[in-house]
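What follows is chain A paired twice: with chain B in the first complex and chain C in the second.
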Partner chain A sequence: MEEQKPRTKWEARIQQWKKSWEMYKENKIGLVGIGLLVFFFVFAVLGFVMPHIDPIYHPMTGFDPFIVSKSPPSITHLLGTDFWGRDIMSQLMSGAQIAFLIGLTAAVVAVAIGTTVGLVSGYYGGTTDTLLMRTVDIVLTLPFLPLIIVVSAAVGKQSIWVLVLIIALLSWGGISRVIRSQTLSLKQRPFVEAARVAGATDARIIFRHIGPNVLPLSFLYMSFLVLGAILTEAGVSYLGLGDPTRVSWGIMLQWCRTTGSTFTWYWMLPPGLCITLMTLSFYLIGRAVDEIVNPRLRKR
Partner chain B sequence: MPLLDVQDLTKLFALKGGLFQKQTNYVHAVEDVSFQIEKGESFGLAGESGCGKTTCGKLLVRLIDPTEGHIYFKGEDIAYLKGSALKEFRKNVQMIFQDPYESLNPRFSIMDTIAEPLIIQDIGTPEEREELVANALKTVDLNPPEDFIFRFPHELSGGQRQRIAVARALVINPEFIVADEPMSMLDVSIRAGVMNLLLELKERFNLTLVFVTHDLAVARYMCNRVAIMYVGKMVELAETEELIGNPYHPYTKALLSAVPVPDPKEKRERIELRGRVPTPINPAPGCRFAPRCEYAKDICAQQDPVLTEVESGHWIACFQRG
Partner chain C sequence: MSMQKYIVKRIFQIFLTLIIIMTIMFILFRMMPGDPTAFMLDTRMTPEHKAIIRAQFGLDKPIWYQYLFYLRNFFRGNFGRSFYYARPVYDLVKEKLPATILLWTGAYIISYSLGITLGKIIAWRRGGKLEFGSTLFGLFFYCMPIFWVGLIALWIFSYKFGFFPLGGLKGPDVWSDPSSGMLLKAYDVLKHVTLPLSVLTLAFFAGSMLVMRTSMLETLREDYIMTARAKGLPEKTIRDRHAARNAMLPVVTTFAIAVAGSVGGGVLTETTFSYPGLGKMIVDATLTFDYPLAQASFLFIALLVLVANLVADILYAYLDPRIVY
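Right after this comes the complex of A and B.
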C-alpha cells in the first residue's frame, strides 16, 4: 500500500493522527470504551435539552405535580421518580454532565501540573529535583477526606469547583513521578544534544523536544485521573460533602440513602451503574492507549 | 592562524559517592590535550571505546564545558563562553551524531528537524527557511525534497536519516562540523555513500571536519591527519598515511596490527597487549600506557610523556621516541 506523500505540515499531522487511530482501532476493548464514552456524552447533552421540552424534566426543580412520592418506571418517567417526584432519568443526565465536568477539569489541571513538575524536575535535576520531589511526597501522602471536610468548612459552602480544585491538587503527584523518570531518560538522548549544539534554550528543549515525547504518557495517565476524579466526587457526595445545588450521581445516591430508599432498585441502581460504566469507559480507553504508548504490551 | 587551536584541554567528570555525596573521585576523560586544526582540514580523533575521543569532540562544540584548557576558534577563546556569545559561536559549529535513530526527534518532521538551527538563530522568514531546508535536502541527495520535507524519522531508512542529520548540520553554513562516528550504526553497504557525501560536501563548502572514529580504515579514507588517543591522553598525531605507514608509539603499533588485512595469505606480526585498559578514574601518574608497554622503563611510571614533534608534523607522547 503506497500512501500519499504529505505536501504540507497539516497533511503530515493528519496522516499521523490517522495512523494512531488505525492502531487504536485494532483494540476491541478500546472501541468499547469509546462507545461507552460517546453514549454518556450524548446522554449529557440530552440533559441540557430535556428541561426545555417539559419543565418536569428539570433535575432539580422538576417536581411532577401528579406524583407525591417515589414512583417506579412509567411512560412519562422512564426510570421512575425520586422521593420528591423528580424524574430519575433527567437526574442521571445531569449527573453525566457533572461527571464530565469534574472528571475532565480535575484531570486536565492535574496533568498540566504533574507534567510540568515532572519535566522541570527531571530536566534540571539537583536541588530543583529534590525540592519538587519532596513536595510530591507530601502531596502523595495528604489524606483526602479530612482535607475536603476542613476545606469545605473553611470555604463555608460546598461547591464542585472547590472539589475539582482539591482533587486536582491532590492527584498530580503520581504523574509527575512518571514524567520525571521519562524525562531523565529522554534528556540523555542525542536529539536533545543536537538541539543544544544548535543553541536551543532549556525552555525550548523542555517544551519542544522532551514535552511532546512524554505527552502520550500524560494522556494515558489523564484517562486514569478522570476515572479517579469521578469516583472521588461520587464518594464525597455520597457522604454528604458534595455540592447540594447540582445533581450528580453521588448526590443521587446520597438522597436515596437519606430517604431510606436503599433497596428501591429503580432509584439506587441507575446512578451506581452509571458510575461503574463511565469509569469503566475511561479505564478501557486508558488501557487501549497504554498498549499504543508501551509497545511491549502489544500482542504480536 | 589555525581555525582551531586547542591548548591543554582537560575534562574531569566528578564521581559523587559515599555518605552525603562527598565528591571523591574524578574520571579523567580528556587530559591535557593540545592540537591545531587548519581550515578545510579533515582531522581524525581515533582510539578505542572510552578513550575520550567523543568527549573531546563534544568539548570542541561546547556541548560539555571543559574543566581546564583553552579552545581558540579563529583566535578567540571559546572554551568558557556563556549566554549570547555562546549562541553566536554556535552558528559556526554543528555536530553529527553516531546513531541516526536517536539523533532525530521522533516527533519532529524533517522540516522541523532541519529548520531548527535556523529558527534558534533567527535566520530568515518561514518561507525562506523552507527554501533553505529544501536546498539542504538536495545537497545531501534526498531528491525530490518535497517527498521528504514533511515526513517523520520513523518513515525513513538509517542511511536517509543520517543524510537528514548531515543536512541539518549544513543548513546554517557552519565553519566546522564534528562528526561522532557517523558510520558506525549504518549498514556497511550504505557507509561508503555517506562517507563520500561527507567528503564531497567538505570540498564544496570548504568545511573543516573533526572526525571521531574507532575505525582506522574509516579514518584513513576520511582524514588528512589522525590523532590517536588512549585513556584521555593524546599519544600520537600525524598525517594519516605517515601514521599508518610509520607509527612510533607502541600503542599505535598495536592498534594498527589489529586492523584486518583483506589478504588471507599475508602473514604479519600481531602485537598482543598484556592486561586491560586501565580505568580513567584517578589514574596513576606516569604514562597511561606504561603498565601494558613492552618497552616501559622506570621513567614511564613516574613522569607524564609530553606530546613532542619527532619529525615534521609527526608528534608522539613517549619517552621511547619511536
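Right after this comes the complex of A and C.
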C-alpha cells in the first residue's frame, strides 16, 4: 500500500515515530530493555495502590502489628518484612518510584545543560568554545561520588532534589563533547547557510535548525545518564547520605546494613536485584537506540 | 614538543585544576548554613582553642585573605585538625593513603589487563559461546551496584564459608603479636585485601572488556589486518601485535574518562568492607560532620584521579607513536 502523505505536522511526526518503532522492534536486546522498563513502571504504579488496600503495606509507616521484627517471606508479606516489621515488597515498589523520579529528572536536566553547552560551543567556536570545553575538562576530572559526599556534608540538607541537582550538574560533561563535535560538522551543511541568508538569528539557527538534528544523540546519552543517576543515588543512600524520608533501594540496603542484617538474604538481595535490572533495562535501551542512531554498528 | 615538555605542561595543568577544585571547596564550605566558620571550628572546642584555630587559619581576616591563606596552608600540608580524632588531618590522610593506593591501583591494573585480554579473544573468535557468556556476565556486573556485589561476596565467602575476614586490613591478633614475622603479616594483609580487590576488579573489568571488544572488532576491518593475513603471518601475531595493540588505544582513552566516575566504586567498596582507606574516611568524616577531614580526603582523592589521568596520557603516547606533543 502506498504511504499516505502526511496532512499536518503532527501526522508527519506520528509517522516518523512509527517508522522508528518499526526499526526498534527489530532489535531483540532493545525489546528486553523495554520489557523490563514496563515491568518496573507497573511495579512503581502498584506502589501507589498498595497502601490503600491495607495500611500495613505503606513502605514507611506500615509496621505490621503482628510482626515487629524481621520475618521471612509469608502469605501476607510475599517478600518478608524488614527489621521493624514493614513489608519489603511495598518498599521495593516505592524504590522503583524514586528510581524513576531521580533517574529521569537528573538525566533530563543534565541532557538539557549538556546539549545547550555543546551546541553553543560548537556553533560559536573561538574563545567561547575554548572556555566551555576547558570547563568540561574540569567537570570530567572531578571524582563524582566523593564530590557528592562532600557537597552533601556542606549543604547539610539531605533532600532528594538537592541530590538530583548535584547529579545533574556533574554529569553533563560527556554529552556536551559529543554534541559539540556533531554541531561542528552540522554547521557546515548548506541548510545552515540557507537559514543564515534568510536572516535567521544565531539563537534560531542553533535551536531550530541544528538542535533537532542532534536530538537523537541527546536521547541516546540520556538513557546512559538515567542509569548513572540511579546507581549514584543508590550509592549515596547506601552510605547514609540520602534522603531518609523516602524509601529508595539504596536506603533499604543502608537500613539492612546498619541494623546488622547484612546476611538476611530476603532483605539484602531484592533491592540490589531491582537496581541491577532497572539499570540493565536502560543500558539495553541505550544500546538499541545506539544501533539505530549509528548505522555503522548494525548487523555486526 | 618533546615528551618531557609535555609532561611538565600537564603537571602545570594538574596544578591549575587542583586550585580550581580547591576554590570550589572554599566557596562550598563558606556557603554552609549557620556559622560560616563552623567548617573549621568544632562546637565542642574550648574558646581558647577556637581562638587559636581562628588565628591559624585567618578566619578573622577578610575573605580574600582567607582564600590565599587556605591555598598556602594546603600546599604546606596544613589541613587543620580533625574534629573527631583530634589529630592533624595530614597525619590521618598519610596513614590511609597507602591502603587506598594498594586497593585502587591493584584493581585497575588487574581489571584492565584482564579486560583487554578477554576482549581481544572474544572479538577474535566472533560469535562463540565465550563471547555470549562473557558479554552477558560483563553486562550484569556493569549494571550491578558495586556495594551490593560486596555485600553478597561478604555473605558467601566470609559469613557462610569463612574463607576471608569480615573487613579491615590488618588482623589484630597477627599485628599485635611481636613474634609474627613479615611473611605472616603479608599473608594477613593479602587475606584481608583479596575480597575487596576482587569485587572492585569485577566492577571495573566489564567496562574495559566491552570497550576492547568493540574497538578490536573495528580494528579487524582495517586494511593492514588484511595485509598481515595476505603476508601469511601466524594468527597469533596478527591478533596480538597488529590488531590488539592498535585496539588498545580507545581503552586507554576510556580509562582516562572513566576514572573520575569509577573511584566512587572504590569509596563504596572500602565502606562495605570497612577497609581503612581514604574512601571510608571521607564517608565517616562526612557522617560525623568532621569538615576538615572530609575536605582533605576529597582533595587527595581528586589528586589521585588527576595523576591517573596523567598516567593514561603518557601511556597513550607510548602506545601510539604517531602522537606528537
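Annotations
Definition applied: the second predicted complex is superposed on the first by the 296 of 300 C-alpha atoms of A that agree within 3 Å, B and C clash if a C-alpha of one lies under 4 Å from a C-alpha of the other, contacts with A are read in each partner's own complex, and residues count from 1 in each chain.
As a convention for this text, a residue touches a chain if its C-beta (ideal position, glycine included) is under 8 Å from a C-beta of that chain, and two chains touch if they have at least 3 such contacts.
Model, not experiment: these values are computed from the prediction.
With the two structures aligned on chain A, chain B fits next to chain C without clashing. By the touch criterion stated above, A:Trp84 is placed in contact with neither chain B nor chain C. More residues of chain A are in touch with C than with the other of chain B and chain C. Applying the stated contact rule after C-alpha superposition, one finds that A:Tyr24 touches neither chain B nor chain C. Applying the stated contact rule after C-alpha superposition, one finds that A:Ser152 touches chain C and leaves chain B untouched.
By the touch criterion defined above, A:Thr279 reaches chain C but does not reach chain B.
Here the apex is the CA centre of chain A, and the angle it makes with the centres of chain B and chain C after alignment on chain A is 100°, in steps of 10.
Contacts of A:Thr8 after superposition: chain B is touched, whereas chain C is not reached.
Applying the stated contact rule after C-alpha superposition, one finds that A:Tyr238 touches chain C and leaves chain B untouched.
In the superposition on chain A, A:Ile138 makes contact with chain C only, not with chain B. Taking every C-alpha atom of chain B against every C-alpha atom of chain C, the smallest gap after superposition is 11 Å. Shared contact residues on chain A (touching chain B in one structure, chain C in the other): none found. Those residues of chain A whose C-beta lies close enough to touch chain C in the complex are 137-138, 140-147, 149-157, 174, 227-228, 231-232, 234-235, 238-241, 250, 253, 257, 262-263, 265, 268-269, 271-272, 275-277, 279-280, 283, 300.
Per the touch definition, chain B reaches chain A in the complex via residues 58, 61, 63, 86-87, 90-91, 93-95, 97-99, 102-109, 111, 116-117, 120-121, 146-147, 150-152, 165, 168, 172.
On the side of chain C, the complex with chain A involves touching residues 17, 20-21, 25, 28-29, 31-33, 39, 139-140, 142-149, 151-152, 154-155, 159, 217, 257, 260-261, 263-264, 267-268, 271, 279, 282-283, 285-287, 289, 291, 294-295, 297-298, 301-302, 305-306, 309. Interface residues of chain A facing chain B in the complex, by the touch rule stated above, are 5-9, 11-12, 16, 189-191, 193-200, 204, 209, 212-213.
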